[in-house]
Amino acid sequence: MTALFDWLAQILGILAAVLAAPLFLGWVNQCRAWLQNKSAPSILQPYRGIRKLFHKDAVIAANASQLFRLAPYMVFGAMVTAAAIIPSVATRLPFTQAADAIALVGLFATARVFVSLAAMDVGTAFGTLGARREMMIGFLAEPALLMIIFVASLISATTALPRISELLATQSLALYPSLAFTAVAFTMVLLAENARIPIDNPATHLELTMIHEALLLEYSARHLALMEWAAALKLFNYVCIGFALFVPWGLATSQAPLALALSSLFLGAKLVLAGAGIALIETVSAKLRVFRAPEFLATAFLFAVLGLLVRLLLGT
Amino acid sequence: MNMTALPFDLQLLNTLAALLLLLSFAMLSQRRIVTLINLLAVQGALLCIATLLLAWRTGAGHLYLSAGLTLALKVIFLPWLLHRLIRKLGVYWDTEPLLNTTGTMLVGVLIVVFSFGLAQPISALASTATRNSIGIAVAVVLIAFLTMITRRKAMSQVVGFLSMENGLFFGAMSATYGMPMIVEFGVALDVLVAMLVLGVFFFQIREQFDSLDLQHLESLKEDQ
Amino acid sequence: MSSTLTFVVLLGTPLLGALVLGLTGGKRWAPNLNVAFSLLTFLAACALTSNIITHGNVVLMQEQFFIDAFNVFLVTLTAFVGLTTALFSRPYMRIEVEHGRVNSAQLRLYHSMYQLFMATMLIALTTNNLGLMWVAMEAATLSTVLLVTLYRTPASLEAGWKYFILCGVGIAQALFGTILLYFAAEKILGAEGVGALLWTHLNVVKAQLEPAVLSLAFVFLLVGYGTKVGLAPLHNWLPDAHAEGPTPISAVLSGLLLNVAMYAVVRCKVLVEGSLQSSLPGRMLMGFGLLSVVLAAFFLWRQRDAKRLFAYSSIEHMGIITFAFGMGGPVANFAALLHMTVHSLTKSAIFFAVGHATQKAGSQLMDDIRGLITLSPTVGWGLMMGSLAILGMPPFGVFASEFLILTTAMKQQPWATPILLLALGVAFAAIFSRVQPMVFGETTAKRLPHPPALVPVFTHLALVLMLGLFIPPYLADWYRAAARLIGGH
């Protein structure tokens, strides 16, 4: 009976994550509009965009291969899998047991490979350019992300995300300079990986600067919808990993319905704050030239390494 | 979890140590001299807080004195003096460092690892509660040294020099809860005089070269 | 007169002198006042010495200062060379003023800093507190930085900047070494650290100090103070600072400051060797020493500036002294102490002569200095004899000390002897081939407005000659006592 309930809760959790991801994106966009003194789009705008795209007919370039058609499903699938295993609400659900942090990094890398390959598939200049930039950023961001995970796993002696969260959430409150450094690094990686300012501007189609949009230029209709949805999910996933590593308080460690409900409330509150935070960062910082992106990510890497060193030196 | 056993003030001290290390890296990468001086002042302030905490923890009266000294000299007077100097001399930016920023940072990380190794035997022998910070102090000193090596402007080198002194001070505090008072006063006096001498010196350099770029100071070579 | 009173006079005179000359140093009679203060310091040093000879070592002022055989001889030497240099600088600075290179404000700075420099060196020599020693060493650098840049020429500013930064960084390493020393000592001598940095206390417990920490500390101390000694490869500041400052400052930097830094290294070495019970510190000293000798000998060939030439010669001789202290043992230490004395006297005499020579020629380039012997026979002979003395020609004292060092090396470190001999030979050829045309040869230069100060030159050379022929028994006893104190393998 409990097993059945666990599975039910797990499936509900995945559905909730997949459905809530565009809402989170909508919230970030709304906050950003507010902060920039613009009239905000509706918080539901991402849903409308996705629905509209699903109703259109897909146009595919004549020379596109099967890979091009396959990629959106692969990417979306990877993101849903990630959403399933990240302990965003509870740490003891069936899938979350598989949430090894390094496996997660691999999952994101798989999605990236497909996106990039698909972008180059048609052979347009923009697709290739976007793919190249995407790979460069991934190549720089992944070491930083791994370093961040190493610090967390050094503290908790495990790379399993739910164990890390449990350990950090249950012990008495302590100052962890190493975690503070890695949190900064993680925020920077999050911005870079999700094509936010200062690395990319999600609101622009300016050819010379775009990365994410360039990748999707050849997609239309349901493929594009899936890709956009996957991007929203990716942001959501990243934010949830951040919660699991750095602010794990409120995570349910049991499967009692009450605990799960409470934990969902906590997650909602944290998402609201995180969305506002991301919007704030995006508002106060200016977009960097693409050539400065390595510097930005090197700084993130440095922060993570400093966290690691501080952990080793001070034991904190 | 060894961390939970630590009392809060020690956690705070460790955090301060970590922040000092972070500041060293910030100084290593910073090219605006005004910001560099502000970072130096922040470093001094962190040092002052750490000293106060340690004084409170150990009840050692001389640490209060040295905290006061740090506050007066390194947080207030020297940054003020340096700000005044750059306003008068009109040097605001350092030129591109000799090695690019990312490269310098990587060297900095290596330095931290090296300092860790260097400080390990000392930390193992130390009996102070802050012994873990010795490695960080060594790293701060060596990174300040790196800052001095990679900069061209005299002003940045001087800030590096002062940052090095801060690191040494922090090292003395972590390893032994500070040096005897008479020595600390002497060191503070030397630093103060050094800065005053430098002030005079800078004006002489400027008068001669119309710039504080040390490239002008590279004519004395062996084969001349 | 009690030791304390003498001691207060010894340190108080230059400090007071710095203050008084800081107010009046630009006046016409200020050089005489400078000499008077230096003379008083020297007399106090002599009185203190006779006290030590009759009563033995003393510890003063709550143990912050102490005098033993090792430092009292350096104190006397410092005060003596301080006095003769003050005598030399009297006409020298007057000529500089007349040539318009120095104005009255600069003269005031010069006189005040000169006295302050003497004071810091005397404090560094006599303090018992290793922390205070560091402070005094740093103060010695600071008081001379503005003297090196006295002429405000681009080259002198560059030299001053190098001097400041390199010695500043070096001395910061020494501070770290001192902290480590304190760290090790505090474990044995108690946390409240009453005696934890006092050399006399440390010397008693040196065998109990943690060897791992002390060896690390010694590396930092050697690099730190070694920078000030001018040991290769940390010697870069030295030739520039010597060449670009006023010549009296070159004389005291070379003749005194290097000795004081050497003294600091040796004091630390005694402690470290006692803790380590091995010859590691000695081997490090020998390594740095040999490197300096060899490097300096070959760099001598490339010099065209007279003062740089002799600055490199100083590096060479500091290398020899470092090597001798590294070998350790009564004979080598004795020889090293003797060499410190004779080098100090000879080198300052040479700088006096070179100073007047450059004033006559109006240039420091050796190609411009010609025919000193016809122009001013005394300066010419002074330079010639000084150079022969520093090159280790018998019967001068340098010969005696170098001979002792070489024979000891032959016995203890045979591998090093050929290297030393080769370097000495190269240095000989380099310096002699440069000095010969400077002294003999044709010239058209004019006479100087003031008669050159020749008493200091020939007093020093006479003393060096005397030390080569005969070392007074009390002086020899003194060296032996100091050599025993330094010990080593």
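Each chain carries a letter (A, B and C) given by its place in the written order, and its residues are counted from 1.
We take it that a contact is a pair of C-beta atoms (placed from the backbone, for glycine too) under 8 Å apart; a residue touches a chain by one contact, two chains touch by 3 or more.
On a predicted model such as this, the values are computed, not experimentally measured, just so you know.
Trainee: Taking the touch definition from the top, what connected groups remain once subunit A is excluded?
Mentor: The remaining chains, counted without subunit A, form one piece that is still joined by touching.
Trainee: Top contact pair of chains, counted by C-beta pairs?
Mentor: Greatest count of contact pairs is found between chains B-C.
Trainee: Take the average of all CA coordinates in subunit A, do the same for subunit C, and state the distance between these two points in whole angstrom.
Mentor: Chain centres of subunit A and subunit C, defined by C-alpha means, are spaced 67 Å apart.
Trainee: Roughly how many whole angstrom separate the Cα centroids of subunit A and subunit B?
Mentor: Subunit A and subunit B have C-alpha centres separated by 38 Å.
Trainee: Based only on mean CA positions, could you tell me how far subunit B sits from subunit C in angstrom?
Mentor: Once rounded, the distance between the two centres reads 31 Å.
Trainee: Which subunit A residues qualify as touching subunit B in the complex?
Mentor: 155, 167, 171-172, 174-178, 180-181, 294-295, 298-299, 302, 305-306, 309-310, 312-316
Trainee: So in the complex, which bits of subunit B are touching subunit C?
Mentor: 118, 121-122, 125-127, 141, 145, 148, 154, 157, 161, 164-165, 168, 171-172, 175-177, 179-180, 182-183, 186-187, 189-190, 193-194, 197-198, 200-201, 204-205, 207-209, 214, 216-220, 222-224
Trainee: Considering the complex alone, what residue numbers of subunit C touch subunit B?
Mentor: Residues 64, 129, 131-132, 134-135, 138-139, 142, 145-146, 149, 152-155, 157-162, 164-165, 168-169, 172, 175-176, 178-180, 182-183, 186-187, 191, 193, 196-197, 210, 212-213, 216, 240, 244, 299, 302, 304-305 of subunit C touch subunit B in their complex.
Trainee: Tell me, which parts of subunit B touch subunit A in their complex?
Mentor: Where subunit B meets subunit A, its residues are 1-4, 6, 8, 11-12, 14-15, 17-19, 21-22, 25, 101-102, 105, 109, 112-113, 116, 132-133, 135-136.
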